[in-house]
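Think of it as A, B, C and D in the order they're written, each chain with its own count starting at 1.
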Amino acid sequence: MTAPFLQVKDLQVSFPTDDGLVRSVNDVSFGVARGETLGIVGESGSGKSVTSLAIMGLLKGAKRSGEIWLDGISLLDASSEEVRKLRGRKMAMIFQDPLSAMHPFYSVGQQIIEAYRIHHRVTKAVARKHAIDMLNRVGIPRPDKRVDDYPHQFSGGMRQRAMIAMALSCDPELLIADEPTTALDVTVQAQILDLIRDLQRDFNTAVILITHDLGVVSELSDNILVMYAGRAAEYASAEDLFTAPEHPYTWGLLGSMPRLDAEPTDRLLQIKGTPPSMINVPAGCAFHPRCPYADLASRTLVPPLTEVAPGHRVACHIPVEERRRIWQHDIRPAVEGGR
Amino acid sequence: MTSPLDVPETATQAQPEAVLAGAGRAIEGRSLGQIAWLRLRRDRVALAGGVVIVVLILAAIAAPLLTRITGGSPTDFHQDLVDPTFSKPKGEGTFAGFSWEHPLGVEPRSGRDVFSRILYGAQISLLIGFLATLVSVAIGTLMGIVAGYFGGWVDTLISRLMDAFLAFPLLLFALALAGVIPDRAFGLSGNTLRIAVLVFIIGFFNWPYIGRIIRGQTLSLREREFVDAARSLGARGRWVMFKEMLPNLAAPILVYSTLMIPANILFEAALSFLGVGIRPPTPSWGKMLADAVPFYSVAPMYLVVPGLAIFVTVMAFNLLGDGLRDALDPRAR
Amino acid sequence: MAGFVIRRALGAVLLLVVTSMVTFAIFFVVPRLAGQTVDQLAAQYVGKDPSQAEIEATKVKLGLDQPITVQYGRFVKGIVAGREYSFGPSTEYCPPPCFGYSFKTQRPVWPDLVDRMEVTASLAFGASVLWLLAGVSIGVLSALRKGSFFDRAAMITALAGVSLPIFFTGLLSLALFLPTGVSYVSITDDPLAWAKNLLLPWITLAFLYAALYARLTRAGMLETMGEDYIRTARAKGLPERIVVTRHALRATLTPILTVFGLDIGLLLGGAVLTESTFSLPGIGRYAIDAINNNDLPQVLGVTMLAAFFIVVANLIVDLLYAVADPRVRLS
Amino acid sequence: MMMKKTGLAAVVALALGVTACSSGDDKDNGGTAEFNAADASIVNQSAKTGGTLNLALSDDWDSIDPGNTYYAFSWNFARLYGRALTTFKPAAGKDGLTLVPDLAQNLGEVSDGGRTVTYKLKPGIKYEDGTPVTAKDVKYAVARTYARDVLPNGPTYFVDLLDAGTYTGPYKNTDINAFTGIQTPDDTTVVFKLKQPFGDFDFLVSSPQTIPVPQAKDTGAKYQEHPMSTGSYKVDTYEPGKQFVLSKNPNWDSSDPNRKQLVDKIDVKLKVNAEDIDNRLLAGSLDADIAGSGMQAAARSRVLSDPNLKKNSDNTFTGRLWFFVMDEKVAPFDNIECRKAVQYATDKVALQTAYGGPIAGGDVATTMLPPTIVGYQKFDLYATPESKGDVAKAKDALTRCGRPDGFETKILLRADRPNEVAAGEALQQALGKVNIKAEIRSVPAGQYFTRFAGAPEYMKGNQIGIAFHGWQADWPTGYGFLQQLVDGRTIKAQGNTNVQEMNVPEINAMFDKAAASTDAKERETIYGQIDKAAMEHASVVPFLYGKGLLYRNPAMTNVFISYPFGMYDYVGLGKG
């Protein structure tokens, strides 16, 4: 097997701040092949967005180390100009809130045209035609009219479609979607996810889907990386993660999954406490203050990410058998009882 | 024992986005004020501004003491020190008239000690600057909260009122009003009345600036949960506005007050410069500058000294205000 | 859009009407409250040693014998439709906008204002070019190099700029560079002398505003550069130059344009302090003289003109904003 | 409060200790450029014609309508384009105080016990358009000054003095015959009918109010846009508030002994910044500051310290007196001893320094009449060492007044006049030394005489003990200077200039005596007596005979100080 299209190895990202160096991402590794989808899941501040921005080279003032390989190019060694040329063309990104992510003063068409013409020497007319095609492709009705509308004239879902059209306008081989559906209501969410899946199939794109919501990644992803406080907590295939999760944090996330078939408010399983501040990460396992199973080791030692099954890695001090027992006896019934 | 993943009343939802804002506080147990102070303490420039302000205030209060050490009262004439023909202090060069007794020289015509006039002038500038700010902040906060909280036609009315205020040529109105101050009114007379009227005019004309800011802040506060909570518990408007919202507006009020004081000091100086300030012989910086106009070529330091006094004071407040804003609202950086 | 324009225009007119009423009230009522009688006011314009009969005649001539509402009505009528004025043997029609005749100089107020306008406009526009160029470019550079030596130096200078009273910088610059003072030369007479004489006032005024604008631009730029759409622009692979100019600057400059319009409007109504400092015979000086002379038609004229500029500037800014920002235009 | 001044040259010379005997002798030879040369001689005498005279004014002109103006410089200047019945002799020094006929053939012929004054017009005098001047035009010119609602600026002597009933001017009733104050039996005879005798009447008719105005050309308040000229120059273009240009009047009667017609053009710029005027004067692009009020501090120090510049300057009396008054109706100044306490306590040198010093301010004053006024006598009733005040004498006076521990009072002055404020502060200081605590109350200048100092009710109501005052005579005699200041019958509810409310029957009677006298010498003596009597009353504290430093462009010819106006005489100037 050759190296995946995108290979991230031991990525570390840190920011100098007034309060000292903040390590937002620690030793994260993963790979994504063409046509494959990786889901990255975690709360705010878990480092998932920083990871994706680090790949894109969009972090200002951050220190990155480790390795990022995109189609055989080392992004950390490439010049910023080289990386810029890759952006949009080889790797593209969709952001959470399409309203704020699109320039309010330019029409949707202008913004797609701009993205296209940066990487293609074509006339405006050609680019416009392409923009209309792209809008059509992402399912915007009457694209020849809507192309001249401004972002605020679109509905939320349409805006996200337009955003996707813009991101895909140069046929990128890697698409990073950072919380693409968070700002949308549930029915639209499903449409957008379907759209991403369809487009991925058509373009054979590698996709990284970032979300705090396991539900979003459940159907789309081949593999899932659960992050907590800048570290990988669990990394597994989607099937393994949902059927045999091993990290208490993953259990919590599973419990808190909102589902279409249930009243969300009264049955959500929840995690106590609040996510840690990256300025002041708890020692040992960062999750220990919120973990009901924490022991002395959790409080002092950072648990290593160890492979518990082929392609399934977990960073937790609880012995493997104990974890599986808790899952089977305590958690699973609660989660599935909710179902 | 309940399941650890049950839903305790006090648990924070695992909808992570909602809780980020409170993260630092919960974990570190620091109040916003403490954080701000920590930040401010690192901002040497702002601290320098604060130190200058403290020194100025102390100097203004201690003016009678300080001037006793040097050149004496701000109104005593020393005409033996001036050249009557040329209307300038005796002596050669830029610093003619400077001496140990008169560390900042003497006035061209009267020979009055500039140093003590500057110190006494500081009393007027600071007093009016502070009090006028108080008036602006009081009116502005009240109007801003009411507009932001009630919204609707109340908001429209107050917002239009603020627009109208900003549409007036305020300096002209201030001049016109200050020009007709009677000798006695509201049980006050003389300079007390003039200070009161100046404070009122400056404060009254400036309230829309802070009013707009408070209105905006109130609008966003109104959407926050604790206000809803208070309202759902049956709290009435006044209670919500002043017990729930006001404390949350403390930071912007503090920041913009600090930034308004220098603006008001400048306004007072401008009015004095244009001739409608405090009565002579009480010194004020703006008046000193106006007095220096005919002499700027023969006695330049007489112009420079009060100008620098205004500059240093205003700059110090601005530095502190900027620092406070950065400390209390890091996004504004 | 048409509805928007009409609504704003109506609002502007309403604001002007309110302004005129308040101005009228302040300048007519407040002096009365402070103890000045109408006789005393009239006596000021009869010359030396007036008899009561002469005072009465002057009151009639100046219209001060009428109730304030009638006076206000005449004032408004003059602005809208013009008025007839008697000059003894002759009567003259004062065409709209007629702000009346000065009590003191007996000259119509409006032509004098128009005259002064040239000075104030020259001052305002010349200075505004300087401060826009300097303020915006310094602000942008500072924001892009945040924390650099340039940024720190520029921002300290800018803070100093806003902390210096303009009458001080003006006088200081006069003392240092032009002890003989400034005298206005009309641009139509001698453009070179015009510019030469105004250079110092321009720079002085521009220094203050450039400082304000540099701070404003820097803050706006920093805020904009943190916007999601800037990240999007970068994610599209746009070169930084285009990100800054086409995306960030456009969004930063729009609100600055608003402030600029209002500042120009304010200045056109009389740069009181600058004109006083440099002895420039503009609207601001006219206003001060009018107030000092208690010359009501002049005071009203100049106040209304100033308010007019502010209101119109507001209106233009609103409309321009709508042009620049589609969110305003299309919602 | 605006007007002219005059000097009794011999006395002036003594008082100043300069050009002591030269005033009479030099004027025919022509002086050379030296400091104060134009004060007593005609500098650069020349008959050379051509060139442009460039003048400038830092202020606005009240009006160039001869019937509607009240500035000294304006009365001086108006003679260029208008001939009044009489004028001052174009001569330097005391000669300049001599009245000579101008439009009239002779000075007034007095009859009817002083109640009728007759003037015969010179024949052949024409307006600029060639129409002849008639006696009716003079009558009309005076009549129109009665319309004070249209032409408010000028003085009211004719209104007060002529026997014209309740005449209100020619605009409401255009029939000029309704005006009975002047009769014109024929086209060349002007007969003034007075209510009572008036000794200085010839001075009165030297005012521009008698410059003829043709009724057909009168446009009331707009007449200033083109006053019909009878002088050597006419108004070509007039831009209010900006500038005006005079050119030669082709129909001027060149036999006129009082005027010259040397330069081709006279260019007057208005509202030029004062520093700029000084600057242009020194650069030679301007010939004179038309207001004649003196140079600003910067230029003053340049001129005085550079002999080459100093020789082109004159430090001249402006004819003004600066003084403080004590309101005799406000306690404790109802007691003459308290007034004397202030007289003795006042440090006049401090006031002088505060007001601008000896050059720009003036000489320390001890009398009400300035040295350049007919009737001036030197005396000092309240002499103190070096004029710097005498604390002991002041305290004695206070004790006699029954206020040995001093008292509190207020000093009223105009806020927008820095010199005045400085002088007030200096007085406050001096009074403080004898425990008189004076609070300064500053008010807007525009209403000083209509509402504040000039309104006795205000003075009493607010217990204003002391007020600043400045005065300049409308014509250079003791009557012209003093009557409005100390004649108790002039006290009025507003616009009052007898601010101290001095009403002494003996003094009032002396004015009547002077008015009735036809003997100029006798009048002069009476004026001196009035001055002394008023000073004895102790409610006026004169401290400065105003002076200014004037600069004349060395290129100007025929330059001399006109004593009546206290500035360069404008009617004979040329360019070399």
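Keep in mind that, in the parts below, a residue touches a chain if its C-beta (ideal position, glycine included) is under 8 Å from a C-beta of that chain, and two chains touch if they have at least 3 such contacts.
Quantities reported herein were computed from a predicted structural model and do not represent experimental measurements.
Counted by C-beta pairs in contact, the busier of A-C and B-C is B-C. The innermost chain, defined by the distance from its C-alpha mean to the mean of all protein C-alpha atoms, is C.
Chain C has its Cα centroid 54 Å from the Cα centroid of chain A. The geometric centre of chain A is 92 Å away from that of chain D, both derived from CA atoms.
Centre to centre, using the average C-alpha position, chain B and chain C are separated by 24 Å. Between chain B and chain D, the centres computed from C-alpha atoms are 49 Å apart. Listed for chain D are residues 298, 416, 444, each touching two or more other chains.
In chain C, the positions touching at least two other chains are 36, 179, 292. Residues of chain A in contact with two or more other chains: none.
Every residue of chain B that touches chain C in the complex is listed here, in rising order: 45, 163-164, 166-169, 171-173, 175-177, 179-182, 262, 266, 269-270, 273-274, 286, 289, 292-293, 296-297, 300, 303-304, 306-307, 310-311, 314-315, 318-319, 322, 331-333.
Across the interface of their complex, chain C is touched by residues 1, 60, 62-63, 70, 144, 147-156, 160, 166, 168-171, 174, 218-222, 240-242, 271-276, 278-279, 298, 416, 444-447, 450-451, 455, 484, 492, 494-495, 497 of chain D. Against chain B, in their complex, chain C makes its touches with residues 15, 18-19, 22-23, 26-27, 30-31, 34-36, 156, 159-160, 162-165, 167-168, 171-172, 174-175, 179, 219, 222-223, 262, 266, 269-270, 272-273, 276, 287-288, 291-292, 299, 302-303, 306-307, 310-311, 314.
Interface of chain B with chain D (complex): residues 75-77, 79, 82-88, 109-110, 179, 183, 190, 275-276, 279-281, 290-291, 294-298.
Those residues of chain C lying in contact with chain D across their complex are 36, 39-40, 43-50, 53-54, 57-58, 60-61, 86-90, 92, 105-107, 112, 115, 179-183, 279, 281, 292-294.
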